[in-house]
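Look at the two complexes coming up: chain A is in both, with chain B in one and chain C in the other.
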Partner chain A sequence: MNRQAKTLLVAAVAIGWLVFSGIKEASVYFKYPSELTPTVLAELGHEELRIGGMVAGGSLEREGSDIRFVMVDDGEGQVLVHYVGIPPDMFAEGRGAVVEGSFTMEGVFEAHTLMVKHGEDYSAEEHPDRENIRSDFGTGIPDPGG
Partner chain B sequence: MKVIPKWSIAVLAVYILGLYWAPTDGAMGESYRLIYLHVPFAWNALLGTFLAAGAAGIYLWKREEEWDRTAQGLVEASAFLAAMALATGSLWGRYTWGVWWTWDARLTTFLILFLLLAGTIVVRDMLGTTPRARRAASIVAIVAALDVPIVHLSVRLWRTLHQDASVLKPDRPSMDAEMLWVLLGGAVAVGWWLFATAGARMKALEKVTKTDGYIAEGSS
Partner chain C sequence: MVLSSLPVLLGRFGLWAVAAGSLWALIATVVSMRKGGGWARSARRGMVVALVGAILAAAGLEWALFHHDFSLPYVASVSAKNLPSLYLFSAWWGSLEGSLLLWCLLVLAFAVPAQQTKGMGEKVRRAFPLLPAATALFFAGVMLRFANPLSGWPGGGAGPSDGIGLNPLLQDPGMAYHPPLLYLGFTGLVVPGAWALAILFTGEKEDWTKPTRRWVLAAWGMLSAGILLGSWWAYHELGWGGWWFWDPVENASLMPWLALTAYAHGALAQEARGMLRRWNLGLLLLAYALTLFGTFLTRSGILTSVHAFSESGLGSWFLGYIAVFLLIAFGVLAWRWDDLDDPKPPGGLITKEGAILYNHLLFGGLLLAVLLGTTWPILAELATGERVSGGAPFFAATIPPIALPTLFLMAVAPWFGWGRTGKESLRPRLIAGVVGGVVVSGGLAWARASMGMGMGGWAHVVSVFILGAVLGPILADFVRTARAVGGSRKALIKRPRHWGGLLVHLGIAVLAVGATGASGGKTAVDFQLAPQETAVVVEGVSLRHVGVTVKSRKSHRAWIANVVLTQQGKEHPLQSERRDYGSNWPGTTEMALLSNWKRDIAITLAETESDGSASYRVTIQPFLSWLWVGGALSLLGFLWAGRKGG
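Now for the complex of A and B:
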């Protein structure tokens, strides 16, 4: 192995590792409602965070652009979210969502950004988004099997 | 008169099918049709990067300029496809997710891929037509290819806003058959563009090499 090949190998491995670990570092793109235990919430305070889950059935209240809903996952956790704005067309009860914002003193999550998280299924039929029926919005680490 | 390239007919045919023949998605509506642009661009950007790195590797090993031209042609075409994938993805994201951009793992790793491809072009541009430039560009191209599997697996490895793979996964594709055929047709059509463009670029580079002063291997 000549010098150049060695340099190449070292550079490639180093940069590859940097990219990988850098992303791993910022890997928790959102937290599940179940992960927001009282201890975690106390630590968070009014810090900015993202929460991902499902819009609970029967929880959505809309008055113009004033939106309130409960976000749930497969676990016990639930978060009351308040958002003012126009949500994307796909936003609905029983669908996935990711919100950005922070908790108020009252424990309501005040979201400044509301995003729809949809599944990977495409079909002409009125299909329930599989994001809801499989346990993607579970707790802890997403299972490797998807 | 210049002949219309064959790939353009394939691309047009697939997009007409995608717009008028493929059914509307039950959950997403018409905006899902952006898949026929976004996914073929993204897949072929990944494929082109992978092949470019292979050519770059052979160049580093054999030091034959032909392989370097192959890598350069593929890198440039892939960079364009990656930019198009980002642009169409952004539009689609705004429509369905509600945002033009978010720093989730899929978007971030793909942006890194584009930046590495752009970096390969910049490195070559800065160092001129020297063996040093060719070696440096080869190395960056190989590093870009290391990001390819990370891009693909990003939606499995991390929590993301971007959904999981619909087609390139161990289970059967989660798409209606008509949709899947158009998508695969789109991938082939854009792939055709990739190879036609990379090939044309290689030929153009060969001409430049012969007419311009090209600093050959071993003279620096």
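Now for the complex of A and C:
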């Protein structure tokens, strides 16, 4: 192996290490409200977490930039979410949302990031629910950046 | 049962013609590779039949859109009677089914003329339709089986009296052009990919880089334009101050771009030194596969859950097709491996070919980071059963350490020589680079100080210096050339590839300054203001809320907030809007924007209260407009490089 090849190999290993170590550090769990059973909640504690689900109808309360709502999914279980800031476009009751943050002592999910879920509900077998947001191309719905 | 109109029936027939024509082209091509002559002509006819079929299908769909034929669920889902003509037309690609049709049509429209490319040998030319025919057949199959834009309601009803309409976020001129541009780039990749596969299958030794250069440039340029336009649209239309979200949809367009950019540099080494043939073939095939992989990621539902994916047949078809393609393509590459050996060993690091090896390594690293960051949720769920999400923090941590060395290489490597680099030619360029770096760093530091902005993070400081280091030697080289040719403009621009390439580099350096400046120095503040109340946003910038008016427009109601933004003592009256599109769609925002070369200030109206007060988010991003300037410079560079004589 000549020197050139050795240097290249070292650089390749360094880049690979950078990427793979980065991904482990940056990943957080993703849960649906119905999965957050008491056992799971106890395990999670105040760990950083992402929750995906739907904003329950009639649950959205806004006072200025102070927002509270309940997130649900198909199963049983709900999560009370508190978020301070301006929600992104397309955020509304009955629509998908993803929040990132952690649980407080009172069991409220304190979100520092609120995103709108989009474009993942495609199913061609039955004509899909056209009410759903279908961001079929281009850029995603923004992360307001908390 | 409602009888469909003739154009729609013709369109449905057209889809079957695409399938039949491309299937025939595929079979005839395989036979022609052994028997030649008549079979090759027959394959060509098959491709033309498929192209005509795709045109018929597209015409049928457009006819249905313009005639509000809501007996087609697709038409009902992406259009409505009150939609303006531009958006009726662009509703074609307003959702999955139509996008597949556009994709299929473009593949065929590129492939049919591209087969005539001058400079390719007869044997390779005969094998050319393999990839485009397979691609068109696959897309036709997916449409006919899962996602037919021209199919009627189950049971054949007349459908609703009006359609749901196009997502209001997509009712924007930028959104009308952005997807087709991206698709032009994606599908343009079929052509170089097809030559690569044909060369591998036939085992011919010819050099394809020169004849396909302009195809690659065109696909690369359109892909770049599509990505830029998408980012521009996200910034201006989504209205939350963001311009890149590391969203899977964005990453899907970035991945083939990275592979193609690596290839474009490798092609230089191949043309000049006959090197890197294996890498180059592999990168072209990979770029093609990545265009499909992106579609698979974003359309199959796999990012939500591995289980959602397994229920969607569409996803399995995409994954299956990509897997078969990769197996065949890289199988043949491995089989031909020894025939494709590099004639010359690479020189040291300080040579063009050495730098291109590192270019491949760095772009490979960027590609790996984007690919892993995007697919990590899937991989982790498959491995552990737990869903995780990676996302923005991962990209923020891994992309700059790989991208900055890439930018550095971009500043110095153009001045290296093939085989060896003469000290006497490199030294003046390095000096010009350092001088440029110091001057540009000083200039921007002054601009920052004049606005009371901080330094903006190490990545930004490095990018600013690199911009100067890119600019300095280019200017020096330009002046030197201008002197040598005695002011003859024709002689000066005689080397379009040289100057075009350097202009692309310069544009990327400018863009990097914008990207690192905006993300490193971003400030976002939320306010709630009563009428005529003023708030200080940052030092030297204040916002006064004047009042809110409500207007009813054709497609929506708008809450228009009048504000006065004061920057450095100068008042700017601006308007920021919220829009309500009725019960089918959630509201959108139209931000107010004050943009100059030093920074962008965006004001988003969050909510209005009955007492006349309003809440705002103000986002300040230094040097953001450099993104668009740099992007435009790069696109000009692509155009320049594509001129005759390159």
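The definition used in the following text is that the second predicted complex is superposed on the first by the 89 of 146 C-alpha atoms of A that agree within 3 Å, B and C clash if a C-alpha of one lies under 4 Å from a C-alpha of the other, contacts with A are read in each partner's own complex, and residues count from 1 in each chain.
Keep this in mind: contacts are C-beta pairs under 8 Å (C-beta built on N, C-alpha and C of every residue); 3 or more make two chains touch, one makes a residue touch a chain.
All figures in this text were calculated on a predicted structure; none of them were measured in a lab.
*Asks:* In the superposed arrangement, does A:30 touch chain B (first), chain C (second), both or neither?
*Replies:* Both partners.
*Asks:* May I ask you to decide whether A:114 touches chain B, chain C, both, or neither, giving the answer as first, second, both or neither?
*Replies:* first
*Asks:* Using the touch definition from the top, say if A:12 reaches chain B (first), chain C (second), both or neither.
*Replies:* A:12 contacts both chain B and chain C.
*Asks:* With the two structures laid over each other on chain A, which partner does A:88 touch: chain B (first), chain C (second), both, or neither?
*Replies:* In the superposition, A:88 touches chain B and chain C alike.
*Asks:* Find the residues of chain A that appear in the contact set with chain B and again in the contact set with chain C.
*Replies:* On chain A, the residues that contact chain B in one structure and chain C in the other are 4, 8, 11-12, 15-16, 19-20, 23, 26-30, 52, 87-91, 119-125, 127, 130-131, 136, 142, 144.
*Asks:* Within their complex, state which residues of chain B touch chain A.
*Replies:* It comes out as residues 23-29, 32, 35, 60, 95-99, 102-105, 108-109, 112, 135, 139, 142-143, 146-147, 150, 154, 156-161, 163-166, 169, 174-176, 178-179.
*Asks:* Can you tell me which positions in chain A touch chain C when the two form their complex?
*Replies:* 2, 4, 7-8, 11-12, 15-16, 18-20, 22-23, 25-31, 50, 52, 62, 64-65, 85-92, 95, 119-125, 127, 130-131, 133-145
*Asks:* Can you list the residues on chain C that touch chain A in the complex?
*Replies:* 73, 76-77, 93-97, 99, 146-147, 153-154, 164, 167, 169-170, 175, 178-179, 182, 230-231, 233-234, 238-242, 245, 247-250, 298-301, 303-304, 308, 311-314, 345-346, 348-349, 354, 357-358, 361-362, 364-365, 368-369, 372-373, 376-377, 380, 386-394, 397-398, 401-402, 522, 524, 526, 528, 584, 586-589, 604, 606-607, 615, 617
*Asks:* Of all residues in chain A, which touch chain B in the complex?
*Replies:* Touch list, chain A to chain B: 4-5, 8, 11-12, 15-16, 19-20, 23-24, 26-30, 52, 87-91, 98, 113-131, 136, 142, 144, 146.
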